[in-house]
Amino acid sequence: MSVTYNFGFMDEHAKKEVRRSILKAISIPGYQVPYSSREMPMGRGFGTGGLQITLSLIGADETLKVIDQGSDDSVNAVNLRQFVELTCPGVNTTTHLNEATLIQSRHRIPEVPLTPNQTLVLQVPYPDPLVVVEPSEDKRKVMHGEADYARLLVKLYEDIVKFDEITISHRYPTRINGHYVIDPSPIPRWDVPKLHNSPALILFGAGREKKIYAVPPHTKAEPLAFDDVPFRVESFNDAQGNRRPCERCGATDSFLDEYINEDGSKRYQCSDSDYCDTVLAETKEAANA
Amino acid sequence: MQTPILKINGFAKHFTLHEQGKQIPSSHNVNLEVYAGELTALIGPTGAGKSSVLKGIYRTYLPSAGEILYRDRHGELVDLAQADEYRMLQLRHEEIGFVTQFLFCLPRQSTLDVVAHPLVVRGESRESARNKAAEMLAALNLPERLWSISPATFSGGEKQRVNLARGLVAKPRLLLLDEPTASLDPVTAERVIGIIEGIKQEGVAMLAIFHHPELTHRLGDRVVELTPPSASLTTQAIDQQEKVYA
Amino acid sequence: MRKILEVRNLSKIYGKGCPRCIESTGPEADTNMCPHCGSVVAIHDVSFDLHEGEILGLMGESGSGKSTVVKNLYFDQTPTSGSARFIEEDAKHEMFNLNAAQQRRLRNQRFGMVYQNPHLGLNFGISSGGNIAERLLMSDVSHYGEIRERAKELLSRTEVLLSRMDESPAAFSGGMQQRVQIAKALATNPPLLYLDEVTTGLDLSVQARILDLILEIQQERNTAMIVVTHDLGVIRLLTGRALVMKYGRVIESGLTDQILEDPQHAYTQRLVASAL
């Protein structure tokens, strides 16, 4: 297949428009900036929002890492990475977080803290956290403008009444810089604290919903909660109250995925495959030394 | 010479019924005075507009003509015919009481609370107001088993006693009484008379409509007789007589 | 008693309006729809004061504009012209000059509204307690335990069974729904409450108990209220002063007992006579 596309697939005007929207999103942390989401050669819902941000920002000197649910080698991640390799000649790709300057991710923020020279792009299916309490987009815009989020907190109240705790497992509403509340994409609660005062720029792209928003570096990100019922991340303790380790690398400080073995028993393993590999390598090295 | 608490000059009340295109006269050229510690009795045949005078003072009716000069507890003179609504509400709460023959109350409010209400409105504690209300209800012979239920279901005589208790317990500066003993048995009526005499001693000024000449004689310090409007047109000179029983 | 609300020349016209709208509508014209341009003059030139702890009645038949008055004062609608000043001990607010966020603050924290239709005042998608929580959360209470306690307090005050506070009001009777609405309106202990036909459509015995509750609350908290109703019994039991409206105009105002016993305007006389 011969590459006759412009560098980055999109034409320069389209990229410029996305970049302008990104700049606006950075200027107004948490605000959903509308943009003219282009048709991509893949279906909406496959990361087209994140991809357009990535393609608009990427230059020949960038190193890109693409992850899906923490894994570099799931089909979606592989496809997106190959698409960028195809349309952006000269760009390096990697699976190692420490080599990457640009990371596009679906549903996870890497375990290892990001650095100031990295940018994280998250793929977003539903950008507006208010959609669950207010069907009218007009009214939602006014609510965002006035930072009127009481009805989101009512959802939390109802959760506690029913289940004695806040049960939102992902897309946890998070207030950015003291005003706008965002839907931080379907990352688990585990990853929400990583948004807070992150040294790296974090961008959110929703292709189908045509919105871009951002958590700029060193910006406050506070998950909604009550004074006396604080936000909590997932617990990976077993019935005895001990922290479960990753069965592959032994790490006890990472977000674990649950797998069911053929005999019906459960197995827990790092969701972030790069992190798991790194820990595993370090353990081996230590054993060899 | 004592100055009156209430002085009415040339009061008149007529009703304009737009639907029927009629004017119905009620009271006409009423002049009277009420003094602290005295009772002025308003007498006259049915239709002479006695109730209209009381309602005019209380502003349940809008007076058609005349002045209703009331001297409030600060010595300020107010024309009740002209006073604004807030001033009237304030005077009703604080100074002027009205015992009518009708009782409007909520179905859930106990009799005790109904009677205590005017005191509570004036800032008295609920407990002290209820104690005074209980005393008054006992004095008026209302069986104690009725105190905790709403007067909405009471008989005419019982309601009348609740109404009286509410008017009397508050000891307003000026008390308007519309046939206060109308539906009472003789024993209770006698008690009411005793209480009226008592609060008169305490300095309450009263304007009362009585249907019994005997009551007028016993309680009235002054008597003002009204005549029906049709007659008054020809007998203006004698349509009022003020007799003072010394 | 301190004045807390001053409404002056409030008007609301639906439609584009024309220079002849005002002269062509009202009680004399016997319509509120302008025959020249088809605009509806819902209210015109409504002025009144409200004092602390006072209950004012707005009476009139449907279409008289009485509900429109409170809807404008609760910012459910924007008036065409006129002013309203809400006076607090330490601040005065020109209500219609405030920005949206300021208006929302007044609406959420200083005013309460009870609608005839509970669907307008309550969110049936959440529990009764959640409905009260919503109002507390809007006024920045952020302690779950405190919200829970306040909701319990309010619901027991308005006689809603606490065992049902975590159910949706959809499962409640009409009277119970109104109690939840009242509890919600009272959540922030507002000095001013709007009651729009709150007992209309309820059984008589339920009506009476709701009216009792309203009066008890007014006495306990000294809450000022504007009561909109076509029911003269409600006006008589609750209010001290009243305005009579017809085709968007105030045709008579005064002490409530005076309006009911000595109505001056032909229309009020008819209204009162037809109720007896």
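Here are some notes:
When the chains are written out, they are named A, B and C in that same order, and each has its own residue count from 1.
Please note the rule applied: a contact is a pair of C-beta atoms (placed from the backbone, for glycine too) under 8 Å apart; a residue touches a chain by one contact, two chains touch by 3 or more.
Given the structure is predicted, the values throughout are model-derived calculations rather than measurements.
Chains that count as touching both chain A and chain C, per the definition above, do not exist in this structure. When chain centres are taken as C-alpha averages, the shortest distance to the whole-protein C-alpha average belongs to C.
Taking each chain's centre as the mean of its C-alpha atoms, the one that lies farthest from the centre of chain C is A.
We define each chain's centre as the mean of its Cα atoms; on that basis chain A and chain C are separated by 47 Å. Chain centres here are Cα averages; for chain B and chain C they lie 34 Å apart. Our note on geometry: chain A versus chain B, Cα centroid distance of 79 Å, whole angstroms. The set of chain C residues touching two or more other chains is empty. Residues of chain C that touch chain B in their complex: 1, 51, 208-209, 211-212, 215, 219, 236-237, 240-241, 254-255, 257-258, 261-262, 264-266, 269-270, 273.
On chain C, the positions that touch chain A within their shared complex are 100-101, 104, 123, 126-127, 129-130, 133-135, 137-138, 142-147, 166. For chain B in complex with chain C, the touching residues are 15-19, 55, 59-62, 85-86, 88-90, 104, 106-109, 120. Residues 142, 145-146, 148, 150-151, 153-154, 157-158, 160-162, 226-229 of chain A touch chain C in their complex.
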